[in-house]
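See the structures that follow.
Two complexes come next, and they have one chain in common, subunit A, joined by subunit B in the first and subunit C in the second.
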Partner chain A sequence: MHDIYQFVSGPLARLAFTVFVIGSLYRLVQMFVLVYRKEKFIFSFMSWKYSLRSIFHWIIPFAAVNMQQQPIMTLVTFTFHICLLVTPVFLLSHAVLWEERWNIRLWSLPDQLSDIMTLAVIGCCFFFWGRRIKLPEVRYLTFASDYALLGMVAAPFVTGLIAYHQWIDYPFFMILHILSGEILLMAVPFTRLSHMLFWPFTRAYMGSEFGNVRHARDW
Partner chain B sequence: MNEPVKKVAEIIPDEGIDAGLARLTEDRIENTILRVLNGETGARLKVYVETCIHCGLCSEGCHYYLSYDKDPRYSPAGKVKQTLWEMIRKKGRVDKAFMRQAVVIAATQCNMCKRCAMYCPFGIDVAYLMSVVRRITHLLGLTPQYIQATAHSHSVNMNQMWIKEDEWPDTLQWQEDEARSEIPHLRIPLEKEGADIMYSVIGPEPKFQAQLIYQAAVIMNVAGVNWTMPATPGWDNSDMAMFTGDNELMGRIKRVHFETAGRLKVKKIVMGECGHAFRSVYDMGNRWLGWKMPPIPVFHAIEFYYDMIREGRIRIAQKYAEPVTFHDPCNVVRGRGLHEKARYVVNAMCDTLIEMHPNREHNYCCCAGGGVINCGPPYKMVRIDGNRIKAEQLFAVKARGARTLIAPCHNCHSGLEDINHYYGLEMNIKFIGDILYQVMKKP
Partner chain C sequence: MKKQALSLLISVLASVCISAAACAQDNMTAVDNRVFEKPERTRAVFRHESHNERAKIDVCNECHHVMKDGKKLEHESSEDKRCSDCHGLADSGETPSLRKAFHLNCRGCHEKSGKGPVMCGECHPKEDR
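The block that comes next holds the complex of A and B.
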């Protein structure tokens, strides 16, 4: 068990971060090269003003009409994304790791709040799962991989919660927690989770087209 | 788990598609799909397909989805699932039955109105994805017969309606003669080099709506603008090739249009009240030809009327009394942001404007544009059933008092007329020009 722990928290962790960072950069460079090679005109339509205008309207809860029409989904999705991104970075135990491994000192969340945020992520995953099963328009678009992605996102949070509270088999769940987190990180650039990378660009392009050419809102 | 791509319930016979299918082999389908996916598309397609998280939030953006009782097959992403996702997943190895369904979906169940792009949190442009499908079906020779016939007319005559070269100036002279009984010195100046404005229209105007040319001539003459119309091909600004996926023909059509304006050395092109033509001249055709923006500034009629009224060149004698509502056409509102200028014009001409809801960029499509109405009678009920939501929206505004429906777009007009008759709305549908001609001060 100790050897496995050493492996997942050492070399595998380094590999996961490397794959995440290099993979993400690779995907972004690949996108820019493709634009340059085949759709160069896109560059000439891009506008900082309208890109930011569009992004701004879609990162503020209820700023877009569709968000107002789907208030529960809006609340859930904002809660989910905020907790998903903030909790792993600012969790106290992770802050300790940041400092130990890379000498980065970060502000950290109170443990109780982290617990609530972790539960929120898990709850939101259940919501998304239920949505995929229940709503015909979402069910129709759902593939096995969509459930797998949801599971991959939920796994580090579920295992992390169990490990932190040491409810059952701490070493096993700790390893599972680290492993599932690493799988998630490595999956970001190469699955539909890559919307994390591409979202600002698709938004910026649509924002620029709507603002610069169409002189209309896109929210 | 993943629901299978269901077959459409009813197969509508269409000679254009069926004859095309008979000629195809699966190898040719595969090669053509790969040619488009690998050769003609780039980052947009790749990123759009890989970024879509299958959340279904685009659904509420589509009038087909809303009208067909929220059937997921009609949601924007649902249409991509039944077409491009499958083509990509199978690396182009799809069969004829699949392609038959794909062309029906792309050509007759999407108006490319881009409303869904405002509902997708990532701004994924499903209209663009459907245009990629149409491009594939065009290269495979699978275009619905009626719209293909229109594209053939463009190719032969450089106009949409098989109008011969001598019929065009004849029609203009006829309308000039007619209008002279109302305004004795009225002219429709042909081939006037160096005029400020070249006025261009779509093929159906000389073909069967010549009174619109009459009205435009009266408006131009009363406003006292220095204008002209070409006597040669290039007068038609419409473009069905843009909607069939025949980009090469789209380029030819737009080149003739711009070159005609260039030959006449005009300062700008003013277009009649047509939406798709505006999209072709302002957005699609110019880009295909390598122009970021049109080489000669292009103004939709709404902007022209706005300028004329604001500058006091057109004055209103007596406002239109019947309460009106205004339909925002996708191509000039989501496509050019003319909604506030249109309201300025409508308010200047009419006593009472009652807004329909949703409106402006969020207005529901007419369900005729994007080439759908041009696919002809076989698909008429697809689009009328597919736009029940529009009828409901119009009944609601009628209940609040609106009796006249203003739609400054030809496709919208025709589509809304069908909605009007089928659902028994009994509204008067008018162009802005109809009312402006009626209420303006004339000499």
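The block that comes next holds the complex of A and C.
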């Protein structure tokens, strides 16, 4: 067990972060090159004002009409994304590791709050899963890969919860937790999770086109 | 004859005194964590005597060190002090914070030797023991 632990928490962890960072940069550069080659005219109507206006309206809960029409989905989506991003970075155990491995000092969440936020992520995953099964208009657009992705997102949170509370087989779930987190991290640049990188650009593009070309709002 | 008996008596008494003084770490089963403001983990498992016996550590200053200019003084030790006497809750210069000092010392050796616990929950079990 210790050999596996040393491997997943050492070399594999460094690999996962490297793939995440380099992969993300690669995808962003690739996007810019593609736009420059194929649709250079886009730059003619890109505008900071309309870009930022659109981004602003879509990161504030209920600031877009679409969100007002789907209040439950909006609530779940915001809860999900905040907990998904904040918990892993500011978890106490991770703060210990940030500091002791990489000398990065961050503040940390109380463990009880982290527990609640972890449960929130898992709950939201169930919600998204149910939604894909239940709603015909979503089911129609759902592929097997979407369920796999949902499972990949939930896995580090489920295993992390089990490992933290040491409910069953601590070393096994600890290793599974690290492994599933690393897989998720490496998947970000190369799957639909890449919307984590692209969303500001998508919004900027939409905002600029609606603002500058169609003279309309995109929220 | 009388002199010899007296010196025997003294040496027996002395060894009794020493072992009585050593009792403190004999009974130790976990590292005290009360020096941390608000401990967030259970006390780390550490049976002082049996640990050092099994791990075959016979020099006390492997842990109870005295540092000078970043180097350990080979012939000095500090078991009369607590780690927290020199290691504060935050880093100060080259001296690591108390938590870091424990983790570097304990987990560091376990990682290097490939023996002993390295995962958080192995040292900080769910139930305080």
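As a working rule, the second predicted complex is superposed on the first by the 219 of 219 C-alpha atoms of A that agree within 3 Å, B and C clash if a C-alpha of one lies under 4 Å from a C-alpha of the other, contacts with A are read in each partner's own complex, and residues count from 1 in each chain.
One rule holds for everything that comes next: contacts are C-beta pairs under 8 Å (C-beta built on N, C-alpha and C of every residue); 3 or more make two chains touch, one makes a residue touch a chain.
Predicted, not measured: the structure shown is a model, and the values here were computed from it.
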Which partner does A:79 contact after superposing on A: first (subunit B), second (subunit C), both, neither? neither
Report for A:24: first if it touches subunit B alone, second if subunit C alone, otherwise both or neither. neither
Contacts of A:96 with subunit B and subunit C, given as first, second, both or neither: second
In the overlaid three-chain picture, which partner chain does A:192 touch, first (subunit B) or second (subunit C), both, or neither? first
For the three-chain arrangement built by superposition, which of subunit B and subunit C touches the greater number of subunit A residues? B
Output check: A:141 vs subunit B and subunit C. Expected answer is one of first, second, both, neither. What do you get? first
Residue numbers on subunit C that touch subunit A, as the complex places them: 40, 99-100, 103-104, 111, 114, 118-122, 125-126
Going by the contact rule set out above, which residues of subunit A touch subunit B in the complex? 31-32, 34-35, 37-39, 41-42, 44-45, 54, 58, 64-66, 69-70, 73, 135-144, 146-147, 192, 194-195, 198-199, 201-203, 205-207, 210, 213-219
Quick check: in the complex, which residue numbers of subunit A touch subunit C? 2, 5-6, 92-93, 96, 99-100, 111, 163-166, 170-171, 174
Of all residues in subunit B, those that touch subunit A in their complex: 1-3, 41-44, 46-48, 50-57, 59-61, 65, 70-73, 75, 77-78, 81, 117-119, 121-125, 283, 287, 292, 333-337, 339, 358, 361-362
